[in-house]
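In the two complexes that follow, chain A is the common piece, with chain B as its partner first and chain C second.
And now, the complex of A and B:
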């Protein structure tokens, strides 16, 4: 019985011309989004790779320079696109692509796509994730709104029930039928995405990427299932198809349009972001005066010199085996970096608090849960961006300290003229960036994962209970 | 005419009794109020932040005064002194924040080469800017159509489905009158709400009361009329409520989400911006290469641009500031073409969007709002140009000190030029957009009328 109800739903859906047209449209959009996403992320990736290679080459073959001049010459980190980001651009269009890494100073990530676009970009981007997150639920609603109401309107529900099946059995049967239909729409696109990915990377495809892709798909399947069950439950609660449809469309608008924007804006209102100018000024102040405000930069250097003299039992710094300039520079870099990182952590803490509101709102709205998880798997979410920024900062610090070390060991005190050959610069490994593993990404979205699983559990248990209790008139 | 008012009166009674509709209108009202609150506080916050920059500059000057006694080398000051180029929001920005949250609204500048400073970004939470601004323009552009759809999707079909249409038509009233009265009533509600919110936002945001008041209200009215026209067109098909709801939402989805997203893809492929990374790499190469070039060569190049300093003393020292700032400036000169191209490409992108927005009325209307508020990409590009000119002025202020070797006194800080830029509304784009909007409304209403006539004729 259950099987034949499922089969009936599946077949009658396929016979519904309107639904077929809509599904084909969604499928076409999905395919277009896959191709376009792959093309544009490939272009960006190419652009950044070329730029990265160029600056690496420039660094290694740079003219003969004093090491501290080299520290100011610095290097760039261009953020590579993660392999799966073509499925979900996430924050990528709103985050900077290049960071200039130099001594003494932490620079912002500049040139985001959004800054190079007119406000059109704020309407949203055509990605696979966008189609899956926003359009698929609509298709599901359209598919399922009449699940029970139609049977009620035509009077077939009573006949069905008289065959000895329960309301929840009918519901499950219908859910099975609808799931099959949805799978029919989604599978080709997911296969294409997977195929293109393999085609591009061949056998080099990392197992980590594969895991990400599988989880990406799994989360969406969960999301679709939640929407199917939810629609069937809503349909069971209504007597007429039109009211069921309007209710579901209302839910969609609330979940996919209003709540995401409202929760992000609320976070922004609740937790104030300090300006970069203020932050830099605070860092400068703390570095100059010392954190306690007594220990100024110059007096710290003097104390350091005295310490070194006493330690090695010499009368003047020129007698030291190391160049004290380099040492002072290294200590200064250490100090300023420490202060900067404290402030940066505070800043990202504020951002995380702002984002937490949206993460909590996922318990009200499965759309937000899947959106965060999707970005997380695609490697285009906030944690991944932060990860890149931290790696660039780490590289910057090591580059500066490496050059300070060279200055301390290979140059004499007060020597400002000696130039080291470009072979010296070849000792430095260029900046490379690896996307962190999938477990790392998942760990940052435990809240969203919980929300999604909770939703799944709730619609299956509470939802079914509600269906069983509905009155059949 | 009397019958018309009777119909309106009963619509009102119906409306009052319908909880769903009341909730819908109340929700839109609340969303609108939040949008106004958000927009005004966001603009206030930016203004406060800009005001805070002045304190930072003062603080920086105090620090330098303490560090360098009277009559110091201006080169040291130019290196350690920072000032800001600021982009004040227009008073209308609180109604349409546009790109003001994405693009930096101030730039910290030192006397060093401009191109390494000009594109630094502000602390922004990318997740927040991805979600976008919940300002009044969002409520009007996105949510008002949904309100209109919610109010109108069953305008005719519900009478059929409840079986009240034959009853109504048995009275001496015609179908066009019924539809007309129902539409008019809903228009009064929606337009009342839209205008009320707009006026409230103007008062709350203390906007400059110029011609834009009329323009804004006109756009709001026309935009709402556009969506009523769409609802009318769909109602004229005379299908059932479910069909209407899905079709209307489909049109909304197409116009506010799918077409803009596709346009965005098209624009970014058609008009790529490759200059940014090239520019940033090249300027560093030239500036740092300056250290290794013979001083004579650098100075000759510089003097070709600034012949007035040619007669200054030949540089024999290992390091002097005027040489340092000269090669910094030459770094900017080397990428001048790229920088100009970069700005031109950005503007070309915007122009392309302006051309393509005929395909989506919401994109057009959002564009009008942003143009009126001066909060879109062109304003930012103008700000970049203004900041560039400011940097020129700063250099020209310092050059006499550097080249004539005049010492910098504490009093000179007050003589240093300051910068202020306020975005101006782009009335040309706004009025062009209004014209397009007018045409769209006309076309859709015309199509609706034709279809309605044809359908009702075929029913008879």
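And now, the complex of A and C:
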């Protein structure tokens, strides 16, 4: 019974030329976005790999230098593109691609695509995620707005019901038929994405990536299903197709445009972020209260020297077994890093509070829920960016402290002229970065996941209850 | 005995108007009852109450002795409904429409026997495989009849089924009704066509402002007398 109505919806839709044209357009957009996205993220990834190898090579083969000079030359960490980021660029275009890692200073990632491109990028990018999140709901609305109103307008609803079918049976059958139609549009693109991914990585494809891809698809299918059921319910509530369409378009504008924008603005107003200049100034001021490794007249450095003399029972710093210059550098680094990390944590805390607002708004709006989950699975969300930034900072700290250690153990006090050969630099392992596993990504989006599941349950239970109360005449 | 169709003190009150004022009616199997009345007299309300599409304010409608309001799905097994303007799914062919609707009623006919129902209803066989979007009103009506006949319903509810049909189609329709009634189907038909009502009806009811003002046997009068009587009631 359900099957024959579903089949009827499917066949009718396929015979409707307007809808076929629209679907083909969306499908082409999806396919184009997949191919272009994969190509551009592949190019970016290769650029970054080459650059990373280049800086690693340069570091390991540097000219003979004083270790602290080496720390100032520093190194770079390039953020690898996560394998699935071609599906959803997320914040990637706006967050930096590389971190300059040097002594005394913690730089945040720089050189984002947005920084380097024209303002066109601000208009939004044509990504798979954009088509799936914004355009697919529109297509679904055009597909489903007349689900019940058309049957009411033509009177076929009465004939259907007089054949002994219940309203909720009709609703579920229609939902099944529409789901099949939507699958026809989405599946080729998802298959292409999966196929290209396999083609590129062959059997090396990590199970983690596969899980991310499967979850990515599952979340979108849930999202589409929510929109289909919602559209059918709205259609059942109206007597005329035109008003049903207007209502649904209103819902679309609210969900996909107004609420996301409003929640972002609200987050920004409630939790203001300091400007970069302000934060740099604050960090600098606080660091200045600690030891300055470069100032031999620094009174706190003097105090540290005295402590060391007393502790080891010697008269002068040259009698110490280690080079006190290196120690002072290490203590200075430790202090400045501590200050910076405190400030950075405060800043990311603010960002997270802002994000929390939009995560909570997902309970009002399934679009936001799927947007967060999509970015999370693609590895292009804020937590992933932060993860990279922290790993780079960790590496920087160990690099700087490693070089300070070399200065303390292999160089004499006040020795500023000795140059160590490049073999010394080869002792440092180059920076490598691994994207965290899928469970980690999911853990950061539990709120959005709950919201999506809640929406699904809500439209299926409350929605159907509403449909059963539909006025037939 | 059990009536095929029965209304007991059936009343429907809308917010601003009393659409049906306590209807009492019994229709036996094989009987054709024609309900005459102006637009808004309560004819469609009565049919919708029998179909269970609206719930009565008081009283009850029965089909085969089952109360409609409490046996929504069960009573549908016994009845078939043909609206004034049978709108089908324009993107499907006549045969596909019939296949869909009869499968919804729980029947699993072969394509040949479905085709037979369409031809018996008077649809040219070459039209059956064309999309309904290109059908005339009469052709759609015939598919509607085929849907009703294929259901083998004991009760047929018709809401102005012949309005807008040409005389030939209308005549064929009457023949079909008489055939069904001969097989024991009870037919309840709301209509404006007094002559058709006289011709096929066993009894004729006249409804005015939600009230059944008269019920007559068609053997008692001819079409002209019936029209005069009808006009008298309307002018009263």
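Following the convention adopted for this analysis, the second predicted complex is superposed on the first by the 462 of 473 C-alpha atoms of A that agree within 3 Å, B and C clash if a C-alpha of one lies under 4 Å from a C-alpha of the other, contacts with A are read in each partner's own complex, and residues count from 1 in each chain.
Here is the rule we use: a residue touches a chain if its C-beta (ideal position, glycine included) is under 8 Å from a C-beta of that chain, and two chains touch if they have at least 3 such contacts.
None of these values were measured; they are calculated from a predicted model.
In the overlay built on the shared chain, the residue A:197 is in contact with neither chain B nor chain C. Judged by the touch definition given at the top, the superposed model places A:110 against chain B, while chain C stays out of reach. By the touch criterion defined above, A:164 lies against chain C but remains apart from chain B after alignment on the C-alpha atoms of chain A. Set side by side, chain B and chain C differ in how many residues of chain A they touch, and the one touching more is B. By the touch criterion stated above, A:265 is placed in contact with chain B alone, chain C being left untouched. Contact with chain C, but none with chain B, is seen for A:12 once the two complexes are overlaid on the shared chain. In the superposed pair of complexes, A:242 makes contact with chain B only, with no contact to chain C.
In the superposition on chain A, A:90 makes contact with chain B only, while chain C stays out of contact range.
Shared contact residues of chain A, touching chain B in one structure and chain C in the other, are absent. Interface of chain B with chain A (complex): residues 31, 34, 38, 41, 45, 49, 52-53, 56, 59-60, 63, 84, 98-99, 102-103, 106, 108, 116, 119-134, 138, 142-143, 146, 150, 153-154, 161, 240-242, 245-246, 249, 253, 256-258, 260-265, 267-269, 272-274, 276-278, 280-281, 284-285, 288-289, 291-292, 318, 346, 349-350, 353, 362-363, 366-367, 370, 375-377, 380. Note for the complex: chain C touches chain A at residues 44, 48, 51, 53-54, 72-73, 76-77, 79-81, 83, 85-89, 91-92, 96, 99-106, 131, 144, 147, 151, 157.
Those residues of chain A that touch chain C in the complex are listed here as 1, 4-5, 8, 11-12, 15-16, 154-156, 158-166, 472-473. Those residues of chain A whose C-beta lies close enough to touch chain B in the complex are 29, 36, 39-40, 43, 47-48, 51, 54-55, 58, 63-65, 69, 72-74, 76, 78, 90-91, 93-98, 100, 107-126, 130, 134-135, 138, 142, 145, 241-242, 245-246, 249-250, 253, 257-258, 260-265, 267-269, 272-281, 288, 347, 350-351, 354-355, 358, 381-382, 385, 416-417.
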